[in-house]
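The following pair of complexes shares a single chain, chain A, combined with chain B in the former and chain C in the latter.
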Partner chain A sequence: MTQLALVIDLNVCVGCHACVTSCKQWNTSGPAGYMSDDNPYDKDPTGTFFNRVQTFEVGDYPNTETVHFPKSCLHCEDPPCVPVCPTGASYKRESDGIVLVDYDKCIGCKYCSWACPYGMREIDEHQKVMKKCTLCVDRIYDTSLPEAERKPACVMACPTNARLFGDVHDPESEVSLAIRERGGYPLMPEWGTKPANHYLPRRKTRITIHEDELIRADNPLKKERKQAPHTIEGPTLDDSTMW
Partner chain B sequence: MHPAFSVIFLTTLSGVGQGLFLALVTAQSYAAVGFIELHNPSAFFGIGSLIALLFLGAGLFASFFHLGHPERAWRSIARWRTSWLSREVIVLPLFMGVVFIYGVLHYFGWDPNVLGVSNPLQGQLSLLVGLVGTVICFALFVCTAMIYACIKFLQEWHTPLTVANYTLLGTASGFTLATAYAAIQAPHLTTLYAIWAVIITLAALVTRVWSLLRNRRIQYKSSLRTAVGISHSNIVQKSQGFMAGSFNTREFFHGAPRQVFLAIKWTFLVLVFPVPLLLLAAGMASSRAANVRGSRRSYRRDFATIGLSLFVMATETHRKKIWDLYGQVPAYMLFNGLFGHSQLHQAQPRTILHT
Partner chain C sequence: MRGLAAHSNGFHSIRSLSILMSILGTIDRPGGFRHKAPFPRPIPPCAKTPTGPEGVQPNTPLAGMPLGWPADPDDLFVDEQGEPVRIDKAFSWEHPLAVHGLMHNVITNAWRGDPYKIDTLMIFMANMAWNSSMNTVDVRQMLNDKDENGEFKIPFLVVCDAFQSEMVAFADLVLPDTTYLERHDVMSMLDRPISEYDGPVDSVRVPVVPPKGECKPFQEVLIELGTRLKLPAFTHEDGSRKFRDYPDFVINYETAPGSGIGFLAGWRGKGGEKFMKGEPNPSQWELYEKNNCVFHYELPRSYQYMRNWNQGYLRWAQDHSLTRYAEPINIHIYSEVLQKFRLAAQGRTPGGRVPPERLRKRVDTYFDPLPFYYEPLEAQYSDKHRYPLNALTQRPMAMYHSWDSQNAWLRQIHTYNYLYVNAQTAQAAGIVDGGWMWAESQWGKVRCLCRYSQAVEPGTVWTWNAVGKAAGAWGLSPQANESQQGFLLNHLISEELPAHSAGEHISNSDPVTGQAGWYDVRVRIYPTDAEEPEVSSPQFEPLQPVPGQSKRPSWLAWFAGGKKGHR
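Coming up: the complex of A and B.
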């Protein structure tokens, strides 16, 4: 069984909100209708979004880190939002595991939004139906798009490539490899919802550089028959690698 | 939660209707075994059922107002296999139908002796319908309460106490209304109903205090750390990802200052329990005095006034109680970093600081 999902690399996300705007642009222009806003250019702007980037500060001063945290529907493998829906408007697709809302069936009772422990569902205040990330289901199967563009709009937009998209059930896919090799984890695993989306943790990347790797102690300029200034006592890296 | 007034009206009003129906069936079954005598059963049960129906109907009507698309409401019966909301949508009209039949049978005296047993009432058909209605009535309480209780993430709600609270508070307000109704229609039943109303109110007090204590000591399964998957004891949110609120801040935060919220809890506890009990006691005392004086008329009037004011208070506080239930900010919303600056004070006491 396929389970499409996003894998988000917190290590490279810079919190630029490009995914938020491209998501909104794509999904407000689609066949499912606009995603309504109130006061978009005024005081207190608010509106419907599928994807939002939160920002956290982790640690005690001065050792703090800023973590930008993009969040959208996690397309849970056992989605608690689906069984509570009285109309069947919320459903999970067998074929690719995407959780969707049928806007023609939704009565706008908001019950599913209580049942999503991730707070990922939003009612459209004007269309009065529940909305959430569709994984760009109207993009990823669109054969009129070039193959490379059949990805969610947020993935296409991310300038740091922090968003990967693929089938997490295929052990050889890019996303499965990333989860496996870079410590991908789900959110709130304690509830057994098995979110399909995963997050790659922040990593400390340090490289060790010795001084004599920067200063070529012996003679990098040997060709010109000149001697480099020799400041290091004892044997150097070049002593063992160059002769 | 932001209290949706339509939902609060639905649960309060239908709770009253259900409780009143239970009170009617109680009287009928007492009469069937000869505990009490009924002088004019057809009018008493007929009009009583009508009142119950009016409350249920008003509740059903109110429920439409919280839907984004009320014209599609019929669709909500589709998922009765999985959704308690769907089950409630089926059981409520079913219950109304049974109450209607029950009232009609009584009012027109269509009550053949189906079991062939002789008893103080003419027959048992209406009694059987009443018993079926009782089962459906409790099923409806369970459905209504399970809508809230089945959400396991909302640990304050995810407990059998939610079901007990809904059932007992609904029944208590119904019996209180029955007390007032009996004072007008069948005065000799007033004391019976008043005693039951007191007992049920006391039981409701017990489960309510129990759930308040339980919720005070609740251990949240989630924390900000599991919500973002970073294990550090000091995580501070700097931005929610939007400027002026979102659906989540509107839906899950009532926006009332903490003091108001606490005040509601305490007014609820005072108004819904001790005050009605005192009033009921006063009513019973006055009825005894009236019996001594032999002035049935003034006794009736006294009791009807007391009963009705009581009833108003009981429903009002029931409404507050549900408000209180809604007042819970789901902990997971806090952990998910969904709180506005105005809500920070709510977040601080137990949730964010102690993660």
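Coming up: the complex of A and C.
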């Protein structure tokens, strides 16, 4: 059985929020939209986002790290948000493990948002339905897109490739390899929700220099021969660029 | 500009770093400091500005480039007395190697009439009445100030902007600009292209939506102006129009008649078969569009490294007119260029140009041919006991280079800013986390919110730049958090140094390059009194809505009209 998920590398996320805005851009115009904004140009603006980045500091000066922590629905394998739903609007797909909300059935009772231990669901105060990350279900199977673009919008947008997407049940997938080999972990496993999304931890980087790398074996100075001087006519770029 | 260079000791700091890299042998080596075309480039030879007032004549094109690379005192743009000719005083003995100009001093100099008065100031996409100026409160006054005859000191102010910014509010004439989505643009080989390490890259923007209302791309305005003023670059011999519009200009402009070098390096030549150099190609825009708006030439692997001395690369660069000479481009560890200026200051260049008396010591000190560390100039003239902390800013990544950070989504990411203070420093000053506080420099003070941080060293405080806005600006409501809780740190910095031996009005900039010393400021911090209002300070009279400005909706639900799968 397939379980699609995101694996997010906290070691390279720089907190640029490109995933946040590209998510909203894609989804507000798709079947999961709209994603409304209240007081958009006034005091205390607030709105619906399926993906948010929280930034926090760890440790005391001078041993401090600033962590940027992107958060979205984790598409739990045992999602507590689903059984609490009185109308069956919240469901987990058999075929790919994506957890979705059927807006036609949702009555906005918010049981699911109470049940989600991660705070990943957002009620839309205007449509009165519950919304959340869909893993861009309307992109990833869209055959009118080039194959390389059949990925969630956040994955496409991330400038540092902090976000990987794939099937965590396929042991050979990029995401499974990343989880296995780079210490991938789920959030709050003690709740037994079995989040499908995983995070890769911060790592310390150290460099090792080997002495033999400091000497250049193929020094071209010894191989070159003299060539005749060469001149060109007419203007060149360095006559006219000012910067 | 931010970072190591954005201080009045920035030139020598960056030079130290570059020399360290050179000594380590990492220049254009794998994992080192890699070059991007059209670099590396030798200095000298290079483009030059005029060298005296005679280079500026009415109804005559400038006798040289507007910006250039002086390599010798004779290249400076100064008068008989060695005093500045340009309004920003760039390329003068005050800032000899000011290759970017000193935009941050233009308003103050024009207001003072030093070195001359102006009748028109034209500003494009620079928020000089807010976060693009140092000493914002005074600069706003200068923009409105009148002389003894009741005439404005800066009589006519033209501002081109796509948004209702703080600067637009001061304009006599507003030229409504388009956004990037509504116009043609080039990231040109002639001006900071987007090259990669493996070879030259340049790119274009093409409009994806039509302009709104009467908006016109600023480039079109400039071409129209140039044509109507009959500037030689824009007209034929008989005075008739040379370029239809901006796209036509981009295709057909050449750095010199028939040079084959123009804005775009890709698909040159009649049929698009040439690159870097070649005749204008009438279908160049279409070819860029077909190629995702990018031209990328990948150099052979053997040309990708050690380009200062890579004979293959240098020959290639010469053959494609990137550079005139295929000689090795040596790195100046000891700089002859700097030493020439120093010798002049020491009076050891008989018959040559010498700095005015007041600047001799300054040039002698800072034109050291080897780099050295010195305390930033402003700090040298500050009372460091009264103002013990450094203050600086950075731009938040979510808004980096975005001209419309007031948009509904971005402003939810950063709605207002805090001053980040090391927790111990803040506690010692009696300021609580999330509480109101004052930050004060020798120039001014701001009331703002404090956020404790462990990620900043105890002697420095910082905040996000340009999140704070003036009430009513950018189409936001006057109650918006940006103006009531957000604040601007620019009120604490000055565009000029305190009067000292080198002059009364010396720019607060690097003495070699004129790069603005954006944050060399020293501050002190203290809590607000209990009875003070909980609002950031200074506040300005809220901007009133302009005619035709759309009403702010109470809520929004964007829905882009594209077909499914249509990007």
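What we mean here is this: the second predicted complex is superposed on the first by the 205 of 243 C-alpha atoms of A that agree within 3 Å, B and C clash if a C-alpha of one lies under 4 Å from a C-alpha of the other, contacts with A are read in each partner's own complex, and residues count from 1 in each chain.
In this section, a contact is a pair of C-beta atoms (placed from the backbone, for glycine too) under 8 Å apart; a residue touches a chain by one contact, two chains touch by 3 or more.
Note that this is a predicted model, so its numbers are computed, not measured.
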First (chain B), second (chain C), both or neither touched by A:235: second
Which superposed partner A:2 touches (first chain B, second chain C, both, neither): neither
Partner chain(s) touched by A:66 [first = chain B, second = chain C, both, neither]: both
Partner chain(s) touched by A:129 [first = chain B, second = chain C, both, neither]: first
Partner chain(s) touched by A:106 [first = chain B, second = chain C, both, neither]: first
Touching partner for A:11 - first (chain B), second (chain C), both, neither: neither
Chain B versus chain C as contact partner of A:20, first or second or both or neither: both
Which of chain B and chain C A:44 touches, first, second, both or neither: both
Which superposed partner A:57 touches (first chain B, second chain C, both, neither): both
Common ground on chain A, meaning residues reached by chain C in one complex and by chain B in the other: 17, 20, 39, 43-46, 49, 57, 59-60, 66
Chain C partner contacts - residues on chain A that touch it in the complex: 14-17, 20-21, 24-25, 28-30, 33-47, 49, 57, 59-62, 64-66, 126, 138, 142, 144-145, 224, 227, 230, 232, 234-243
Touching residues (chain side chain B, partner chain A) in the complex: 1, 66-70, 72-73, 75-79, 82-86, 89, 147, 150-154, 221-222, 226-230, 232, 234-248, 251-252, 330, 332-333, 335-338
List of chain A residues in touch with chain B within their complex: 17, 20, 39, 43-46, 48-49, 52-60, 66-67, 69, 71, 80, 82-89, 105-111, 113-115, 117-119, 121-123, 125, 127-129, 185-191, 199, 201-202
Residue ranges of chain C touching chain A (in the complex, touch as defined): 38, 41-42, 45-47, 65-68, 99-100, 189-192, 255-256, 258-261, 311, 315, 318-319, 321-324, 326, 397-398, 400, 406, 408-413, 415, 422-424, 453-458, 475-477, 479-481, 484, 552-562, 564-565, 567
